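Here the chain labels run A, B, C, D, E and F in written order, and each chain numbers its own residues starting at 1.
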Amino acid sequence: MFISYKNNVMKISARNQIKGTIVEVKPGVVTAKVIIDIGGGNRLSSVITMDSVEDLNLQPGDEVVAFIKSTEVMIGKE
Amino acid sequence: MFISYKNNVMKISARNQIKGTIVEVKPGVVTAKVIIDIGGGNRLSSVITMDSVEDLNLQPGDEVVAFIKSTEVMIGKE
Amino acid sequence: MFISYKNNVMKISARNQIKGTIVEVKPGVVTAKVIIDIGGGNRLSSVITMDSVEDLNLQPGDEVVAFIKSTEVMIGKE
Amino acid sequence: MFISYKNNVMKISARNQIKGTIVEVKPGVVTAKVIIDIGGGNRLSSVITMDSVEDLNLQPGDEVVAFIKSTEVMIGKE
Amino acid sequence: MFISYKNNVMKISARNQIKGTIVEVKPGVVTAKVIIDIGGGNRLSSVITMDSVEDLNLQPGDEVVAFIKSTEVMIGKE
Amino acid sequence: MFISYKNNVMKISARNQIKGTIVEVKPGVVTAKVIIDIGGGNRLSSVITMDSVEDLNLQPGDEVVAFIKSTEVMIGKE
């Protein structure tokens, strides 16, 4: 997946880059919760700083990309 | 999402619990990479210990659940 | 350690699964702090979402299991 | 800090985005270590997947940006 | 980098240990944001518990060390 | 819990600081697994860099302290 930075194309190492649409932004004091619909009946819950919510001007309806580092994904098996 | 522990139903706090099917297990020495197809054209890459791969006997074709804590999900917006 | 999911036994990859008893729940706006007594004079401090505190109905006195991924454990040595 | 994704400008929520130059790439089986000189006498050590090292073609001398989520930064004080 | 614990010298495994000066502490309910100037035009944003802010008595002007585990550092390349 | 850095007493923000004894060190290429007995029948599994294992000269029998940030602790409840 290609990203660009400033005027050039940038790739970022995070292996998990999932497109979705914001369905909820709940502001707190330091952090905020953002819920993203990624399709296929799945939603992602994200806790980021209020600084980021304001800097990116995140709002319901925004099309976004969720980034998750591989080392943060656990697996459960029946 | 309900999980059970021993004989009782257990819930786990990780907000992101996504069902999928393992499509690749690449063993290393200490860690392994596991790729999970979660549908909707999305795949998750996970790095876990070889101990876990062996303990859960993870193999391609296995139906699994990926667990991701909300604090590990970043957001990008155009 | 065996966990079950829905009606089947589930194992989860997080290598650290420690039983304990909740001794404090401090609610915030987006996140909450939960203190768990794990015996042997040790307590764990956890920051999770308010959503999880409410979904699991976490309260002092509850017997719980703390899950920690191996990649999140650092080591200090004199 | 502005990033662009595909053909559009993208911002990413990770609050810490630090420019630097790769001084070492040590490949493993699943993961690799990458050392980045960020100036001011500071170096960052990063462990990412071999997939990322190959996908981004990371090599000594490359100018890169290190991304670190705020929730991953601890503080020590004398 | 050497650290000492109680009366003895201690080293901690986190590979990234960066000296800086606190320029902002924003308290929340459970968590707080701390901004650290690490020189070279770089600032680090940290989200830690209010418990830690109070326990370490963190204030603007304090000289501190930021600790970041290698597995938490992602890389972007143009 | 008090730590000292160089010649001065240092406190670190990680809320979870648990004493234990190393019972196993398994080296990999980039990372290593370290198992720590923390008493009360509990063991912690840690994945850190080989650089840290060598820098701290970690070996079975070593008395160590495990550090875990609160944001990395999940909770399960039956």
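Convention: contacts are C-beta pairs under 8 Å (C-beta built on N, C-alpha and C of every residue); 3 or more make two chains touch, one makes a residue touch a chain.
Because the structure is predicted, anything quoted here is derived from the model rather than measured.
Chemist: What's the overlap between the neighbours of subunit D and those of subunit F?
Modeler: Per touch definition, common to subunit D and subunit F: B, E.
Chemist: A-B versus B-F: which has more C-beta pairs touching?
Modeler: Taking the two pairs in turn, the one with more contacts turns out to be A-B.
Chemist: Counting only Cα atoms for the centres, state how far subunit A is from subunit F in Å.
Modeler: 30
Chemist: As a quick test, compute the distance in whole Å between the mean CA positions of subunit A and subunit C.
Modeler: Result: the chain centres lie 24 Å from each other.
Chemist: Rounded to a whole Å, what is the gap between the Cα centroids of subunit A and subunit D?
Modeler: Result: the chain centres lie 18 Å from each other.
Chemist: If a residue has to touch 2 or more other chains to count, which residues of subunit C qualify?
Modeler: Subunit C, residues with two or more chain partners: 3-6, 10-15, 28-29, 31, 33, 45, 47-49, 51-52, 56, 65, 67, 69-72, 74-78.
Chemist: Once the touch criterion is applied, which pairs of chains come out as touching?
Modeler: Every pair of chains in contact is listed here: A-B, A-C, A-D, A-E, B-C, B-D, B-F, C-E, C-F, D-E, D-F, E-F.
Chemist: Within their complex, state which residues of subunit A touch subunit C.
Modeler: 26-29, 31-33, 45, 47, 71-72, 74-78
Chemist: Touching residues of subunit D toward subunit E in the complex: what are they?
Modeler: Subunit D reaches subunit E through residues 3, 14-18, 33-34, 36, 38-40, 42, 44-48, 52, 56-58, 62-78.
Chemist: In their shared complex, at which residues does subunit C touch subunit B?
Modeler: For this pair, the touching residues of subunit C are 2-7, 10-15, 47-49, 51-52, 55-56, 65, 67, 69-71.
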